[in-house]
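By letter and in written order, the chains are A, B, C, D and E; residue numbering begins at 1 in each of them.
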Amino acid sequence: MMGFPILTLITFLPVLGMIIILFLKKEQGNTIKYTTLAITAIQVVLAIILLTNYNYSAAGVYEERSFQFIEKFRWIEIGGISWLGTVKIDYFLGVDGLSMPMVLLTALISFIATISSWNINHSLKGYFALFLLLDTGMMGVFVALDFFLFYIFWELMLLPMYFLIGIWGGPRKEYAAIKFFIYTLFGSIFILLVMIGLYFSATETLADGTKVFTFNLLQLMNSGNYTADGILSPLNPNNLRFIAYLALFVGFAIKIPMFPFHTWLPDAHVEAPTPISVILAGVLLKMGTYGILRISYPIFPDITRDLMWWIAMFGMVNIIYGAFVALAQKDFKKLIAYSSVSHMGYVLLGMASLTTTGVNGAIFQMFNHGTITAMLFLIVGVVYDRAHTRGLDDFGGLALQMPAYTGFVTVAFFAAIGLPSMSGFISEALVFVGAFGVESIRIITMISTLGILLGAGYMLWTLQRIFFGPLNQKWATLKDIEFREYAMFIPLTIIIIFLGVYPSAMLDIMNTSVNTLVNFLHNNFTVSSISGL
Amino acid sequence: MTLYDIIFYLFAVITIASAFVVVTTRNVIYSGFTLLFTFFGVAGIYVLLGADFLAIVQIMVYVGGILILILFGVMLTNKITDVDIRTGTIHLLPAAIGVGILFGALTSVMVWTDWKTEPVEIPITTTYAIGKELLTNYVLIFELLGILLLVVLIGAASIARRDKE
Amino acid sequence: MTESVLSTLSLIILFLPLFGFTVVILLGKRFPKLYLFEVAILTIAFILSVVVMYSKLAYYLNIDIISSFNWITIGAAPLAGVINIELGIKIDNVTVIMLFVVNLISMLVHIFSIEYMHGDQRYTRYFANLGLFTFSMLGIVLTHNLLMMYIFWELVGLSSYLLIGHWYEKKSAADAAKKAFIVNRIGDIGMFIGILILFTHYKTFTFDTIFAQISQGNIPFNSEAWLTAAGILVFMGAVGKSAQFPLHVWLPDAMEGPTPVSALIHAATMVAAGVYLVTRIFVMLTADAMLVIAVVGAFTSLVAATIALTQNDIKKVLAYSTVSQLGYMIMSLGVGAYVFAFFHLVTHAFFKACLFLGSGSVIHAMHHEQDIRNMGGLRKKLPLTYATFLISTIAISGIPLTSGFLSKDGILAGTLAFGKLTGHWLIPIMGFTVAAMTAFYMFRLVIMTFHGEPRDHHKYDHAHESPWVMVGPLVVLAALSIFIWYTPNPLSPDAGWFMKNWVKTPNTVVPESSRFEFMQSASQETEVHGEVVHSPLYTETMHWAHYPAMGMSILLAGLGILFAFLFYQWKKINADNLATKIKLLYNFSLNKWYLDEAYDATAVSGTLNFSKILSWFDNKIVDGAVNGSAWLGRFISRLSNLFDTFVVDGLVNFTAFFGGFIGFAFRKLQTGKVQTYIVFVVFAVIILLLFFKPF
Amino acid sequence: MAQVGLTHFLVISSILFSLGIYGIITRKNAVMVLMGIELILNSANINFVAFSKFGNLGINGQIVALFVIVLAAAEAAIALAIVLNIYKTYANVNVDEIDHLKD
Amino acid sequence: MELNNLYQSINLILPEIVLSASLVILVLADLIFHKDKRLIPYIAGIGIAITGAFVINQFGISGFGFQSTSQSIRNYGLIAVDSFGVFFKLIVIASSFLIIFFSLSSSEISKIKDRVGEYYALIFGMILGMFFMISSTDLILIYISLELLSLSSYVLAGFTKLQDRNSEAALKYLLYGAVSSGLMLFGISLVYGLTGSTNLYVINSLIQGPHVNLFTLSLAVILIFAGIGYKISSAPFHFWTPDVYEGAPITITAFLSVASKAAGFALLIRFIKTTFVSYINDNGEWTLINVFDWQSVLIAISILTMTLGNFSALWQNNLKRMLAYSSIAHAGYLLLGLVVLTNQGLLAILIYFIVYLLMNLGAFLVVMLIANKINSEDIDDYNGIGYTSPLLGVSLAIFLISLTGLPPTAGFIGKLYLFVALVDAKMITVAVIALLNSVVSLYYYVRVLKHMYLSKATDSTPSIIPSFGSRILVLVLVIPVLVFGIYFGPLVNLAKSCLVIIGF
């Protein structure tokens, strides 16, 4: 299995699909749809193959040999001249416990989103082409182990996203699209800067013993690789690691989105077409937190240790703030959007704890939020397709009209509330357990538990406003969900409940890596001269 | 106060005064003709600087060429009928300020800089030397100027000529 | 039968209802008759539970059967040590008795519902949800660890939500369901934090492990304050579930659900879960924690009783009496009368279920009339219902020869003893007052419903006795309210097997320094395991308290009943006049101490307004700060139509706003007049010259 | 007044230069702007010649001046052509009125 | 001066000679086939191709040409041939070659086919000027070649005479250019006075001496910079750019925006490096002579330039004008490479130029093809054009994204290397400003995409099917933009081999 470049395949398969689609005619709408469906389906299959061949005891994180499905070869090589060493950039893919869940998530969500894209009605060709391009970008971000490659994939998503929101979006799509674009670009320039800074701060020792600057994330995690005078080198007494960390964090925080960088999210979500909202909430938001775990944490453990309290603080703010704002929303989709803000707060909180349970919880929460919020947005989509409105107060009594739909809604909502026996509960519980275990952020954790209550508040209120009470006669003609929509809901429902009952299925994947990561965070880069806060 | 000085001041006054008129008079024709004196003045200064050949060229090219060209320009771009051709002015204030400062800067530079000066020996005639230089050290530029003139010729023609439509 | 078989059986009992639920919820639409399957399942479960109870009590009387497995394996975590999360069940006497009670009542309710819910448009769904509830409740009963407790805790919350909201097209029902869930959540948060404290310190959720640790003096973060906190916080869960003040407000509203549901969930079982939880953590409660619990319980029971006095909705009265009785149980746990609390839990489950089902039967007969002011004289029409209802009322009022008498009397004695031992006399006083009130309002209910003349003749004429599927359960439950099942001696339960053998006060594990001295710990245990192990002091105080308590309780109950008759039967005193005389008090009670209003005014609207403010803040300030804030944009746009087109152009955004501004400035330079440009060049040269003078 | 030396010539040239700039900026008529340009070139020329004389740099300065004169002629030719073209299009040659290309 | 010296000097200017020859041939050809001039463009193309061949042939050669022998100190020549020069000559050649094909498919040019000979002749004039700008090491030659370039481009700016704006552009360009070069000339005269020489190397050695009047020198330098800055259209000498770019025929605009900018940069770099750098250490860091603080000047100017360019571009509705401003902004970015005063920065500039050549010409090409059809560059006429003419839409999108500098396009690589250079030189703040600028630039680039794709196509939206040749041309530009974005090794290697500036 190792010989076979499965990661490349799973990453670039969509591009292949895109090319195929580009060669199809505009008129062959269905062919295009089914091609996309097939591609994403294969992706899911590949993801499952990955899982079946996955070695649960390999840690990864910072040591190359314990990564899995590694593909590594020289991508860019520029012969050196005296004053500018050789530039070597690797095409370096691999997965470990941190990325595996995300890969699974991406494959799954893309597949579901494809199904829900079925009723996209105009310029299909462009839509699905961009959709697949986006897919590649997302997958790539999660499997890339070279900072440069990572960045390329990271930026690769922007443009398709812009068009997907901007062309197939709602009334204020243009505003939302450009806002998303600008925000994320603004974030990523900081990432770029830090990337370059790191490049000049650490060297990789080649087989022939020569040292060259490197973008290789794993090399950057090794404090021994840093040069004495690199601006981001811990050995350099007046290094800029602290600022760099902040810059990097902002870059990722915008994607999460972390308060106060979250304002692009509601607009983007409200305007985006349903499948794109699903992708956006299901996968894109995770990239922020994933980036922090994969890059900020292991490369800057010193600063991370100093700043954990603040990260937790922001986590708390996200949780509470998001929940409160959600409570006040009148628009179904906006409400869900803000609930995402709240839920990503748990991820931040869990990560901030720097404990195995916490980080496990965080990653698990990333996955669960992916599935649950995806389902929530699909739900919004279903009702919006039928009623062409999202105003919470325009509805009422839909439960009578669409019982099956209501059933799924109930599942999704209670999953979002964090009801035990649903996956959401486990992750949130782990997050709290982990965070509570750390003295310094114990109070923050206690306050954060309010999120559980508020969550129940806005979710149930929504449930009641839309589905309960006497049926609003305006909707007496709405049809209950049909086969295609069952096809979207059932897999998610099954996953949500299965993981709620048997969380180890996911936790075991990440456990080893997370343990390693936490160990690493606590024991490395101790020489840094950062005063902290 | 040697003769040299007197001549110098004479030319200086001619040059500057005429130049002043050129840029201040409102009548295009006038300024066109006063420009003639400026050029003469400059030519005189060349002579004082021992550049006789250059002075000749100055008179021939400027007076004989450029000035005529300019006067043609004036004529062609105005109705011959109206007697005196006036032109308005703009930016007087900023021009005054800017040029004032610039002038100050320049003069101070000119006066306070210790230029690279050496005891002067004036060659008898410069024509031979110039010719030699042009065809040895500056041959490249010389040729290049030739091409430049060709290009200018083509360009000017193609711009100025009336299209047949 | 071996232990493993026993635990297997219990697991079967646990999962049968879930199985039923799954089948019915998935296939219910297609096969409407599936509700019978559900009923059958419950019957089987009940039979099994009888078997389990019998064998446990017969063969393993003093042995706790525990079986567990690793649910989540995190292994050796840095800085935290080994973390593994276990799930498992623990079968002790309390468990099996609860199994029996829950299954029995659940089964009876199922049967009762067949008729009562007949013709409901979500008939099968209803039964499915009942199954789900039963499953969750059994989970609570069986669990041997806090996590599972919490999980099923939430699940009963869910099923109660679904069942209260069964008629969700009624707004009131939907509201009630929501309220129930959210109010419970408040308690749950406390419970969750409590659990976090314990887990963080002990790295396990399992009761016995935690207790063992504590008994070795290893207390959370080495501070007894934390231990107390943990106790109280976990207890908060009970405050929510068992509708203790101040979180009791959800229970009366929950009466919006179908009556059998009220009987099962909001009278007999779920609300008792809180009490059950406290019995589970009883051994780790410090003195302060116990005191808090006792006070909360006592106060709750008092509040509820006062409210119950004036309610006119038959179910509301019962609801408040439930709250009041739950307060009793909590109180009695607080005062250390562990056994009586549990005893009362069981007895109360039976007669309160009976009362609710009886009221259900009445409502059924009266075509969903619930206001007792429109009833009366029904005893002729519904003789059996009346009989059972009366028995249960006597029981709850604590008249001898009933189970209620035994348990209540014990509790009152416990409070009395507590008062004597600790000097907190207020608690017994409250207890006795409540006893009197209880008798009064319960009989008020009976009299107004069944005695006197019918007030609504139309409905009265159509009323008729319910069919056997409904009456049968009533009879069973009424029968179980007689003392004989529990003890041969109608005056003292101590002789009975229930107290003598089955249920014991467990040894406290709390360190000496922070517990009531009358509480005994294993270290001082004098007799073999399985005997009552209160300290001698406590035992004798209880003896001292027994007869006074009994006497007073009978007396007060009698008084209550007497007044009830004076008011409503013989009309010697005009209730309305009295009401008008003490209008203030009357309204206060009638309006439930205005608690709902108070909450709406403060907590609810406060939250909502705050959220509105925040969302405004989000739109205008946060987004605004980044966005160059819409209003500023508009403001500017008035200054120059330039910005107007700008705003319209959809570039309302700080960068663009700012950028537009700069761009605007730059544009002014680009006049199109070449001479102007040249002026700029000249000045540029000058400026460069001035600014970048050589070093 | 001192013995006429380098500085005197330079001052003249700087005056010419300034006047040239002034003319370029202020005169509306394109042709007069061109005259301004000629003034600038002349002033530069004076510099070259003067420097080469007083710096005893041989005759390079003069040669440069020569080139400049040629260039000036060429430039004038082009300029006039363009001005004529403008006149054809706009029927006047007032530079400040030819400002249709702008923001 | 001995003949062999002259002879080998001639060897060094073979490309220029070829250019002049083909210029003359063009003029003659124009006279010969005055009936039908379809052949002319191809003659021009061939001429350029041959020149290119000769330029490539110059790889590796480095030396001075036309050394004067009259005085002992002046053993440096008028021109220097080195790989740096060759690189820029190649840029010029490449862009000229493309421009010829542009002109073939441009409707503007086709309207004046009877004057097409002069058109190409003038273009050759420009090229020749650029070549000498690139390689000259003597202020006089610099001035003259600059004038040659300018004079030809003045004419070309107004060449078509189809719309009023052509003539206006020509006039503005002329006046502005004349003044700038006048200033430059005056500056040169001052330098001449200070050092007694016009040769950069000599000047360099002289200004290292003790007594140089710094104030005078900096005045002179600034005046000279005014001349160069106007060529590379860097603020505050950029004002002509938008107007001229908008007014000139689009082929010329494209040519100016790439080729003459390249020549200007080559000149600036050579001027600074040979005149003001005392020595270069092993890490490729330049040490300035302590006479003029180029670094801070350049920092200020580059930041001003890019900011001004980007923010002004936000407003433009005419695509040509917008691209004009964007080219100003890019001049700012390019200056960053010079700011750091390291070979690394130089490398970045070279790389950026290759990329810039591709993407900017590409953008202009698409704009031109669209303008051919709807003959307007107004952004509102682009509504929905992405749907009706997919090829052009997509390629324009790619070019614009590349101009923004997002992966996976070549534009990203260009920017990346610039920022790498900045960070390496520890100029974080400048880098941040530049990056923020590129965020701003995203606006107006994406605004075009918005109009092309986000607004629906109407019936009036034209569907443009470019000719086969044009399509090929577009692809020729698009594909490298994408490929270099993913695989930029060769790009950088090429640039690396072209860093040698003869001298130090």
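Note that a residue touches a chain if its C-beta (ideal position, glycine included) is under 8 Å from a C-beta of that chain, and two chains touch if they have at least 3 such contacts.
Please read these numbers as outputs of a predicted model, since none were measured by experiment.
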Chain hops separating chain C from chain B, counting only touching neighbours: 1
Any chain in contact with chain A as well as chain D: C, E
Farthest chain relative to chain C (centres taken as mean CA coordinates): B
Maximum centroid distance from chain A, chain identifier (CA atoms): B
Best-connected chain pair, where connection means C-beta pairs in contact: B-D
Euclidean distance of C-alpha centroids - chain A vs chain E, Å: 43
Mean-CA-position distance for chain E and chain B (Å): 31
Approximate Å spacing (C-alpha centroids) for the pair chain A, chain C: 38
For chain C paired with chain D, centre-to-centre distance based on mean C-alpha positions, whole Å: 97
Touching two or more other chains - residue numbers and ranges from chain D: 10, 17, 20-21, 24-26, 30, 33-34, 50-51, 55, 57-58, 60, 67, 71, 74, 78, 81-83, 85, 88, 95-96, 98, 100-103
Contacts with two or more other chains, residues of chain B listed in rising order: 90-91, 94-95, 98-99, 102, 105-106, 109, 115-116, 133, 138, 141, 145, 148, 152, 155-157, 159
Where chain A touches two or more other chains, by residue: 174, 178, 182
Interchain pairs in contact, sorted by label: A-C, A-E, B-C, B-D, B-E, C-D, C-E, D-E
Residue ranges of chain C in contact with chain B within the complex: 673, 675-676, 679, 682-683, 685-686, 689
Chain C contact footprint on chain E (complex, rising order): 171-172, 175-176, 179-180, 183, 214-215, 217-219, 222-223, 225-226, 230, 236-237, 239-240, 242-243, 290-293, 296-297, 300, 307-308, 310-315, 439-440, 443
Touching residues on chain E, where the partner in the complex is chain D: 70-71, 140, 144, 147, 151, 154-155, 158, 161, 164-165, 167-172, 174-175, 178-179, 182-183, 185-186, 188-190, 192-193, 196-198, 242-244, 246-247, 312, 315-316
Complex contact set, residues of chain B against chain E: 105-106, 109, 112-116, 133, 136-141, 144-145, 147-148, 150-152, 154-159, 163
Residue ranges of chain D in contact with chain B within the complex: 1, 3-4, 6-23, 25-32, 34-36, 38-39, 42, 45-46, 49-51, 53-60, 62-63, 65-67, 69-74, 76-78, 80-85, 87-88, 92-94, 96
